[in-house]
Amino acid sequence: MQNEINAFIGCESGFDEASAVIFGAPFDSTTSYRPGARFGPAAIRGESFGIETYSPYQDKDLSDIRVFDSGNLELRFGSPESALEDIENRTAEILSAGKLPVMLGGEHLVTLGAFRACAKKYDNDIYLIHFDAHADLREEYLGQRLSHACVIRRCHDIVGDGRIFQFGIRSGDREEFLFAKNHTEMFPTKVQGVDFGALPRVIERLKGKRVYLTIDFDVLDPAFFCGTGTPEAGGASFNEILEAVIMIGRELDIIGADLNELSPHYDQSGASTAIACKLLRELLLAVLCP
Amino acid sequence: MQNEINAFIGCESGFDEASAVIFGAPFDSTTSYRPGARFGPAAIRGESFGIETYSPYQDKDLSDIRVFDSGNLELRFGSPESALEDIENRTAEILSAGKLPVMLGGEHLVTLGAFRACAKKYDNDIYLIHFDAHADLREEYLGQRLSHACVIRRCHDIVGDGRIFQFGIRSGDREEFLFAKNHTEMFPTKVQGVDFGALPRVIERLKGKRVYLTIDFDVLDPAFFCGTGTPEAGGASFNEILEAVIMIGRELDIIGADLNELSPHYDQSGASTAIACKLLRELLLAVLCP
Amino acid sequence: MQNEINAFIGCESGFDEASAVIFGAPFDSTTSYRPGARFGPAAIRGESFGIETYSPYQDKDLSDIRVFDSGNLELRFGSPESALEDIENRTAEILSAGKLPVMLGGEHLVTLGAFRACAKKYDNDIYLIHFDAHADLREEYLGQRLSHACVIRRCHDIVGDGRIFQFGIRSGDREEFLFAKNHTEMFPTKVQGVDFGALPRVIERLKGKRVYLTIDFDVLDPAFFCGTGTPEAGGASFNEILEAVIMIGRELDIIGADLNELSPHYDQSGASTAIACKLLRELLLAVLCP
Amino acid sequence: MQNEINAFIGCESGFDEASAVIFGAPFDSTTSYRPGARFGPAAIRGESFGIETYSPYQDKDLSDIRVFDSGNLELRFGSPESALEDIENRTAEILSAGKLPVMLGGEHLVTLGAFRACAKKYDNDIYLIHFDAHADLREEYLGQRLSHACVIRRCHDIVGDGRIFQFGIRSGDREEFLFAKNHTEMFPTKVQGVDFGALPRVIERLKGKRVYLTIDFDVLDPAFFCGTGTPEAGGASFNEILEAVIMIGRELDIIGADLNELSPHYDQSGASTAIACKLLRELLLAVLCP
Amino acid sequence: MQNEINAFIGCESGFDEASAVIFGAPFDSTTSYRPGARFGPAAIRGESFGIETYSPYQDKDLSDIRVFDSGNLELRFGSPESALEDIENRTAEILSAGKLPVMLGGEHLVTLGAFRACAKKYDNDIYLIHFDAHADLREEYLGQRLSHACVIRRCHDIVGDGRIFQFGIRSGDREEFLFAKNHTEMFPTKVQGVDFGALPRVIERLKGKRVYLTIDFDVLDPAFFCGTGTPEAGGASFNEILEAVIMIGRELDIIGADLNELSPHYDQSGASTAIACKLLRELLLAVLCP
Amino acid sequence: MQNEINAFIGCESGFDEASAVIFGAPFDSTTSYRPGARFGPAAIRGESFGIETYSPYQDKDLSDIRVFDSGNLELRFGSPESALEDIENRTAEILSAGKLPVMLGGEHLVTLGAFRACAKKYDNDIYLIHFDAHADLREEYLGQRLSHACVIRRCHDIVGDGRIFQFGIRSGDREEFLFAKNHTEMFPTKVQGVDFGALPRVIERLKGKRVYLTIDFDVLDPAFFCGTGTPEAGGASFNEILEAVIMIGRELDIIGADLNELSPHYDQSGASTAIACKLLRELLLAVLCP
């Protein structure tokens, strides 16, 4: 009789043969509005058996690739810095084994830990593609510099101007939008909706470069994804994000990725969790399956 | 003083004068993921008083037609074959009285019972239009041939190639999509969304033929219809389905129809149940009201 | 130490310096289907801290304008007439101080109280723009003339033909749609969805005239706004309403406005409440910020 | 094929042969805190199939007695007086046929309608046993005399001092408790819990007299019955109420009864609705089955 | 890097050194009222990290014993007989390795599979202690003999009269209570509540005999445990069950045990799931820790 | 027109004339299991209008005393030390004005801030009465010394042995119970339930001494109070806690008090929030009203 393994569907390969490693970062201590993203990774794994391993969109199957799911990190609630260290260490370990780290948040601050590890490995010569409703460009928030609302600003501290591409943004204070004008490439949302029109050009520009992809699920409109702490109307449809993820995964050299801010308590129907599962499947297939 | 009758709004006609008969098939024993479709028919009836009997889309009113609502069948949980028999018998009874059977599921397996009765009556010379997120074309599922995941395959066993038209499909295993290539007319969903573009041509082709219409509500995107056991992103909008239903109802010779897989426990707001009510109203008006 | 004030985010100005005054009308006694709109105003205030005061759509901030939030009226449940009187009095008080009244419902009947005050002040020379899923044009409903289902008809009693413009309507009985043909300007919803195409022309026509704006949140499709008592599929997207509100707020002389029918019990995720907050912010900025 | 009848389990007898008649009074317009009691009667009927018709407590079965369930009244929301009239008329009709009226509320105000009919029939020579958390003895509430918070005071207006017996009371303002000291027989709840110790003496005193029994489900502790608009801790256990109901039903001449204030929206688990069903069964068996 | 194991807290021992083996039987296909018990085992494991491994009641710790959690069986929905076979096989495998089988249901029918395996091993010379709200003694239910409502009757088919002891029973039809009078030792619930007074005598009588213990969580009053498909008021308190479980576990020779009918969808607060975890901990400690 | 004040019912007195000051500490960043206690204070204020200001238990009314509600502190999520400082400062400010501080948590860690301020003012010559399900005596938890699971240990660091009295405890690790044996006065819960029998003796012993009272709502059994992050079965009934609070409030010299760990997301029915309101009312009346 065997132990039952706790893994995302179709990701039961061993560590050594895997080309990608999933891990959960169930942390949400700096969440200022509605916590619960800590439950995201467990929900994604638990509900992954409601989807198929096969993608009719890409005509690929998770059984064609090899992914190891290493479960969740045990992070210290109330201590952002030590949580980020643990995340950075886990990411570095995966990178040094030559595998792709794929992190499941948690609040968006967790991105900083994984991004630090990638930046260190590649001497800061990396790019960031960021899908989100919120700019996350504050210098500090409620007195803290390590906050979900500052995470992209902290990434900017590391890689500097011209390397961060932001899509779907439709919330922030005036200063964040001003900062973006001068320091990041932001394609903000319009009255008529999100604007992903520049994505093909961005992809063209980033070809051959190392790209870290971070997706805050609230880039999706709450109609499609209500299971998140700070729902912000006027976002992307599922199909818009699906198309973007497949395009990015296929065309670019992804060195790390994360999916954040699923808060299952606000997902009474399970539809948001199902989207999270589906996007993870599509991302893995787009990046790993030639 | 009279008994209160338990019927869908505006469907209080007697059996004899009715041209259509509604019945519920509250069965979900083979549901492998999240049960609850058994509560669908009761929810549709109970909440039907939240909509009007009048359709501004079609400028028709349920008071213009005659429908009898015969309530729910009592089906044996845990025994798919006997449940299908009971459904087949009820459908045959309605057909032999020259009336249109309209079934409310329940899980999608219930379609097989009604479809069998129709096929028998017309010597298998019938066609099937199928709206769904899932292909439901497995030969067997978890060791069973009578499963919600096999129901269209079982219908294919009866009528054979070229008579089944599938719209909205975006989930299944690789074999199901391969099977569809050779045996059914499937118009699968694309990265950009569902593709109903072929519907006018299909309708043209089926004019004058006998058509059974089965709608799994999960053909709708979970943004519009989250109250279902297996929500699958990337589906149709309400208006897309509404237009399809009215077109099919008006143009084709519908010999039987069903609406399946509303699971009200996942419909906290009631919006999915309200859609189910509205689509049933529009279907009845489109088919029955000249 | 100070008392904590209960106000919508960014609306903490004093009464005297304010150019607009918010008040809540938490009344839902005539709601015939599912009550709960009484909890709408409290939810909007309480959750307003989940949004920013800055609008990237308009590049304006609530800190640029002055709004006083006077809290909720205490209305008598079970007594529609006395509730309407209290609402009329509060609105008149705001109008006589030369400020814009902005009411948060409550069921839609509350509009009548505020509309009466405006009509009195301007000798009935006012116009009404109405966004809603329901026509609300009944002469009476369940034996009552003061009902949510009659509220626009009661407004018509006051201002007469040709002054009421209705958008998004997709539910009602046959008589209401007939009444609209002869007495209001209705742009009913089509099978393909809402039709706001006439809005620019309507705005052109109403320039320079006094306009009262009433929005029943159920004009939005339940995909975007499920937190309401009578969800009606086939409605507007958030972006469609956002665009309409900004256009109307900027171009027309708004003399009063209300937002109605948020019922937070049906908004498990909070996404509807967040939309209500966001639309209120955008409305205030569009009307008040030059 | 027959219509499906909408009735409480085991209460499918015809009107003529029935010795008791159930009807629903789905009214909650004066509810000042959290509405929803209007959904109580439908929930009780719908969920009654989760209990048995047999009571092991009394060794009796609903199949041994004859009860007719006449469904719900259609009451005017927003108009307490007309709702009370309709309730009084229905009750009078049942009384004049020599049958026992059993009403399912609704908010507690509905009791007044049924009590009026009973008082008229018996020239005010009737007694009232009242189980509740709240005294309901206000002269007026929020400016209204016809309010749930005044209902027992209105009954006192009819029958006067010494005829009203109140159990379980643990909430009210000071004036209500003072009024009770002089005008009703109240056995208020203590710090240690409800006090039904006087019940046997009260029963002894009321033997041979005509008694109307009204139960507000919130007399139960919210641990046992949380599905109500105004949960008030420190109440009775299920067994305490069960024992009281059986004792009263067996020993006294019950001329009318009601069960009120189930609000199913606050009963996520269904446990409160199940208690309501079970108490209704036990009450019917205790009163009707010798 | 290791895989994360999916196990009940403190039960991470290997199979070989374990003295007890937990397995889940997530089956609920014959549930006639409200399904969802299939989600019970996953909920118990997932939420077990909310409790401690240490019991202050017994001053024992799960770290003092060795338990292997083998995860969930994959059972065929819609096929009770094949599900029972799989359960029987797993139980037999555990028994033949000399370990204690501890099953987590699932609906109560699953008990039959484990009980069959135990009976076979010991030539039917075993006894059954049964805690439940429902008698489960029907000869058949809705046309099926393999139903949750018949499971104890099926056990009686195997071991015959005088070997089954039933506590907490307060629901069933008249025939079941008559059957119990002649064939089982039932201590039915009274108007004043459950009656466990006979338990010490029963324990005395069963000392030295082989006992299978089955607990349907609905033996608990819904106040304490509302997360179950058929809540039945008038049940045991948590402390009453806790005391019974510890007494039985310490005094008797338990050869198999199961805990059934947690349906987490009805446990919004998680309190029922927490009780399930706590009782499992106490049971393991009482039986296994000298 | 006035601003609406956000205060607990009946606590609208000004700061200067008040004898007690309420403040909220909406912090839950160290919560390791299920966060949400941050929403507790807002829920208590918002729902306080569902209870009366009059207590029939004590025959006292909030209108007889003077309490100022200063609203919620803005605390830094993710930074326990700075949150504790802010709490300590607010408490000190209230103490130095000669008023009683009454804090509403938040997770239990917040007690440390208020307790520090009281200890400083009285040179550590204070006593602590602690009601809780959990011992909270860990030296550290998940690597942190400032954690909800360590809060009473941190209080012990300040006042030392013999000054802490713990009631209701039924969860912790072995070391905590050993620590309690030597350093605190713990009256742990038994198999039969909580044991408050020693309370009168403790009160006798503490007469004339300065006592800080901290109540974690999870001392209540989840049957009575399910709205908390870590429900632990086997707790106190509402009446047991009510009696204890009144006794302590009347007999002892309370220098500070707090009520913690209401997590309204787990309180679907609102019954837990209603208990929190009621206990706060009773506490204020017992302490302040002679």
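First chain written, first letter: the chains are A, B, C, D, E and F, and each begins at residue 1.
In this section, a residue touches a chain if its C-beta (ideal position, glycine included) is under 8 Å from a C-beta of that chain, and two chains touch if they have at least 3 such contacts.
Bear in mind the structure is a predicted one, so any value in this text is a computation, not a measurement.
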Co-neighbours of chain F and chain B - touch as defined: A, C, D, E
Co-neighbours of chain F and chain E - touch as defined: A, D
Same vs different contact residues, chain A with chain B, by half of numbers used: different
Chain whose average C-alpha position is farthest from chain C's own: E
Of C-F and D-F, whichever chain pair has more C-beta contact pairs: D-F
Centroid-based (C-alpha) most distant chain relative to chain D: A
Approximate Å spacing (C-alpha centroids) for the pair chain B, chain E: 39
Inter-centroid spacing, chain E versus chain C (mean Cα positions, whole Å): 55
Overlap residues in chain D, where contacts from two or more other chains coincide: 221, 223, 268
Chains touching one another, given as label pairs in label order: A-B, A-C, A-E, A-F, B-C, B-D, B-E, C-D, C-F, D-E, D-F, E-F
Residue numbers on chain C that touch chain D, as the complex places them: 28-32, 35-36, 38, 74, 76-80, 82, 142-144, 146-147, 265
Residues of chain A that touch chain E when the two form their complex: 1-7, 15, 21, 42, 46, 68-72, 93
In the complex, chain C residues that touch chain B: 33-34, 169-174, 177, 188-193, 221-223, 226-227, 230-234, 266-268
Contacting residues of chain D [partner chain E, same complex]: 49-54, 56-57, 59, 61, 221, 223-224, 237-239, 242-243, 246, 268-271, 274-275, 278
